[in-house]
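What follows are several structures.
Shared between the two complexes below is chain A, which has chain B as its partner in the first and chain C in the second.
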Partner chain A sequence: MTDDRESEAPQHAGLRRSLLVAGALVVAVVAAWAAVTIAAPHRFSGTVLQAPDPAPSMLGLMRDDGSALDLASFHGEVLLVYFGYLSCPDACPTTLSNVASARRRLGSTGERVRLLMISVDPERDSLAEIGEYVRSFDEGFVGATGDHAALDRVAAQYGIFFARGADLGPEYAVDHTATLMGIDTDGHLRIIWPAGIDIDRLVADLEELL
Partner chain B sequence: MNPLRSGLGEDVLAPDPRNSGDGPLTAEGSVGADGVGRDSADGAAGVGDGRPLDHEVVSVETPGADLNGTGDDPLDVVRRVAGPTDHHRARVLDTGRVGSVDDVGARDALAVDDRIPREAAGRHSARAESEDDHGWDREAMRDAEHLVDGSDDWRLPGWTKGLILGLVVIFVAAMLFAVLQPVRVLPRIRLAPGFALVDADGQTITSEDGRGAITLYTFVPAGCGARCDGVHTTMDEVALLADDIDLAGAEFRTVTLVMGADPTEAASDRDAAAPSGSTWVAVDGDALNNVVGLGFARPTDPSAFSPAFAIVDGWGMIRGEYRYSTLADDGEKLLRHIDILGSELRNDRGFASFVYEAAHAFQCYP
Partner chain C sequence: MTVSEAWTRPSPPGADEAAIYMVVKNDSGSQDRLLSASSPSCLVVTPHLTEIVDGVARMRESGLDELDMDPGSTLVMAPNAMHLMCLGLTGALEDGEVLEIALEFREAGTITARAVIEHR
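== the complex of A and B ==
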């Protein structure tokens, strides 16, 4: 009987050691996964510029309150820049609505998120109308526009194309790039979101930027 | 001796005032049948080969082995406890390596002196099934060997070891990734300029036309003539060979921006540069400054011409800028970088996309 017990003891020890190793491996895998998902840098939904330059100047554009538009006035805030126009049938109101929702979802920190909509249709959109329009979505939004020379210069640097499009009876459409751009709290152009970005993803990205 | 903790049937950890500094894990001595100590090192210290020890752990489970106030050498206590048996070995553990008193449980401490008979150690009931014919607890001995040999000298819970191992693996993997750069990407330099221009055929060309495509731009002054032959040759060569690159379905385009030209002049230059298959676009006036000057950061003065190229991805990001001071045909380099871009496009889903994003984070650029 003693011999039987003697032969079983090493087997038990081996089994215990194997279980310990297996357990350690499982823990290691779980730890690695946790590190990747939790400790790893946030993966932005938009396209991120790794070494962003300061956001191009908006010299020549005017805010909806009639003052000159100066990006320095948004220092410490995440500024979302969108080029659109008031008669825009779908993309513009959808984007502004999504940003307003994201801002509300962020709660108090959302107060540090501003949206700047630059109208690329200065012939029809007055500064006052732009201001009224953007604040119908959220009180924290800002409107701006300028003459075509200034708009062309600023839009080109932000990768925005715009041009008068098809006539729609007495009205006309304005074709424009509908991307949303994020300028971080230090004034660097950091991220580009495609048109129609999902609100949840936008919220997650904004939390990271803040 | 100044015990930190002691008690009947328990281990004692005590700093040894005779030793100092970082001590070895173990030291040992032996006791002969006559009870005379035969230490493996100098008996004055009584704990091994004379290397310094900060603390000592002694198996003292037998009644009467309380060291409080005795000032006895730990090794002597073990000898006394063990009695006149054939061979005894006492091991002394460095608490700095073992951990707390509780880490060195009675079971481990029992086997520290791996020649103490079971009865002498007073642990016969718990390990009765694993005792051998001599009454020695072999399992405890094996565990103790791990402990004292140093193979298991940092007694941490399994999950802690696993966590540390995992973190080490991740750290090493990250370092290897950064050093070896198994995946390379092209940097996202900045936004390419937005524009709406007219090409040599009178068609409106916009930056949006390149959305979802990979576009190779070059910039030539109007009426460049033979000065720009090398540029056109490179554009055609790249356009031809890029067809063999898997761009995950993305279109590859080449656009030649003719600076200071109207569409008619652009058409004339294009025809003179045949067989260029590039789209020739006229850019002049404010657009020249906005698109070429500010957007692509290229000189707009024709006299300052030097060959230059830019690769723009489907997001409208400039991913490569090539500003050559000579007319060297570097189509191969452009093709290699386009292939890198294609590789990123082919792996922009699932786990692979994390790897490529990590390559951006680690700036694994060619």
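== the complex of A and C ==
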């Protein structure tokens, strides 16, 4: 009996030391995690712009419901702008599908993310067709286009190139800058994502912008 | 010659074309070449290439040399890269259905694949 009690005491002291060490380790790990997640700025997967002025006006273009396209109507939302065309089977649906997936993954906050697809092929794409096309990817998407004078002006202000490309049988391709642009909730152009931005990176960046 | 992971997206309303993606592996011991492709869902199927240069997406028909396959090589057809372009859809591509496609190789002959139609 006596022997047992004597051997218990050092065991308890050892246990206390172990608990203290373990406790200190937990504190250190939590502090390190907090320092990394709280202090480290988010790294965006696109080029971040520091534009002092609001995003260039899109007046002159029409929304798919036939009204004038006014960026002010998207205030409070993150507006993703993509220039493309409907008979584009690869690059455009890939981007629209990725944005639709990102929006779904964001859950209810995703409702404050909009995609605006501007068709640079007004000869073939009517406003009604553009609207039907974008909403087949996501109900929250908006389409727009305009005449060539208006498209040239808006595209130039956003640094977008577009031109008729290769003939594909009876149809033709339209070469176009395939970047995705993000206008923040205050209406400033904030991000240019490279063509083919993947869903995970887009979700992380959108969480930061919202 | 093995064709796997074939898929395409449901066609948006009014779409007359679709891009079909897959992985083609030349597991034979000889040089081969993809000569053509066809599908009952398309009037014409053409190998296409989307190239993104300086942020600009350009699409063109693949050159013959780009369809050459060394023994053991793999041709990855994926978004924003090489794909089979279905021109003249004979009907809408519906989510959950399958598109039949036949690939004609110089050596391996005809290989048929079933492309899953799904949102990705």
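Just so we're on the same page, the second predicted complex is superposed on the first by the 171 of 210 C-alpha atoms of A that agree within 3 Å, B and C clash if a C-alpha of one lies under 4 Å from a C-alpha of the other, contacts with A are read in each partner's own complex, and residues count from 1 in each chain.
By definition in this document, a residue touches a chain if its C-beta (ideal position, glycine included) is under 8 Å from a C-beta of that chain, and two chains touch if they have at least 3 such contacts.
The structure presented is a predicted model; accordingly, all values stated were derived computationally and were not measured.
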{"item": "Chain C versus chain B, contacts on chain A by residue", "value": "B"}
{"item": "Partner chain(s) touched by A:R43 [first = chain B, second = chain C, both, neither]", "value": "first"}
{"item": "Touched partner set for A:F161, first chain B, second chain C, both or neither", "value": "both"}
{"item": "Partner chain in contact with A:T177 - chain B first, chain C second, else both or neither", "value": "both"}
{"item": "Chain B versus chain C as contact partner of A:S73, first or second or both or neither", "value": "neither"}
{"item": "Touching partner for A:T185 - first (chain B), second (chain C), both, neither", "value": "neither"}
{"item": "Intersection of the chain A residues that touch chain B with those that touch chain C", "value": "161, 175, 177, 179, 194"}
{"item": "Chain B to chain A touching residues, read off their complex", "value": "129-130, 132-133, 138-139, 142, 158-159, 161-163, 165-167, 169-170, 187-196, 204, 206-208, 286-287, 289-291, 294-295, 315-317, 354, 357, 360-361, 363"}
{"item": "Chain B-facing residues of chain A, complex", "value": "2, 5-6, 9, 12-13, 20, 23-32, 35-36, 40-41, 43, 47-53, 56, 149, 152-153, 155-163, 175, 177, 179, 181, 189, 192, 194"}
{"item": "Contacting residues of chain C [partner chain A, same complex]", "value": "9-10, 12-19, 44, 46, 48, 50, 52, 55-61, 79-80, 83, 85-88, 119-120"}
{"item": "Touch list for chain A against partner chain C, complex", "value": "86-91, 93-94, 97, 100-101, 129, 132-133, 136-137, 161, 165-166, 168-169, 171, 173, 175-179, 194-196"}
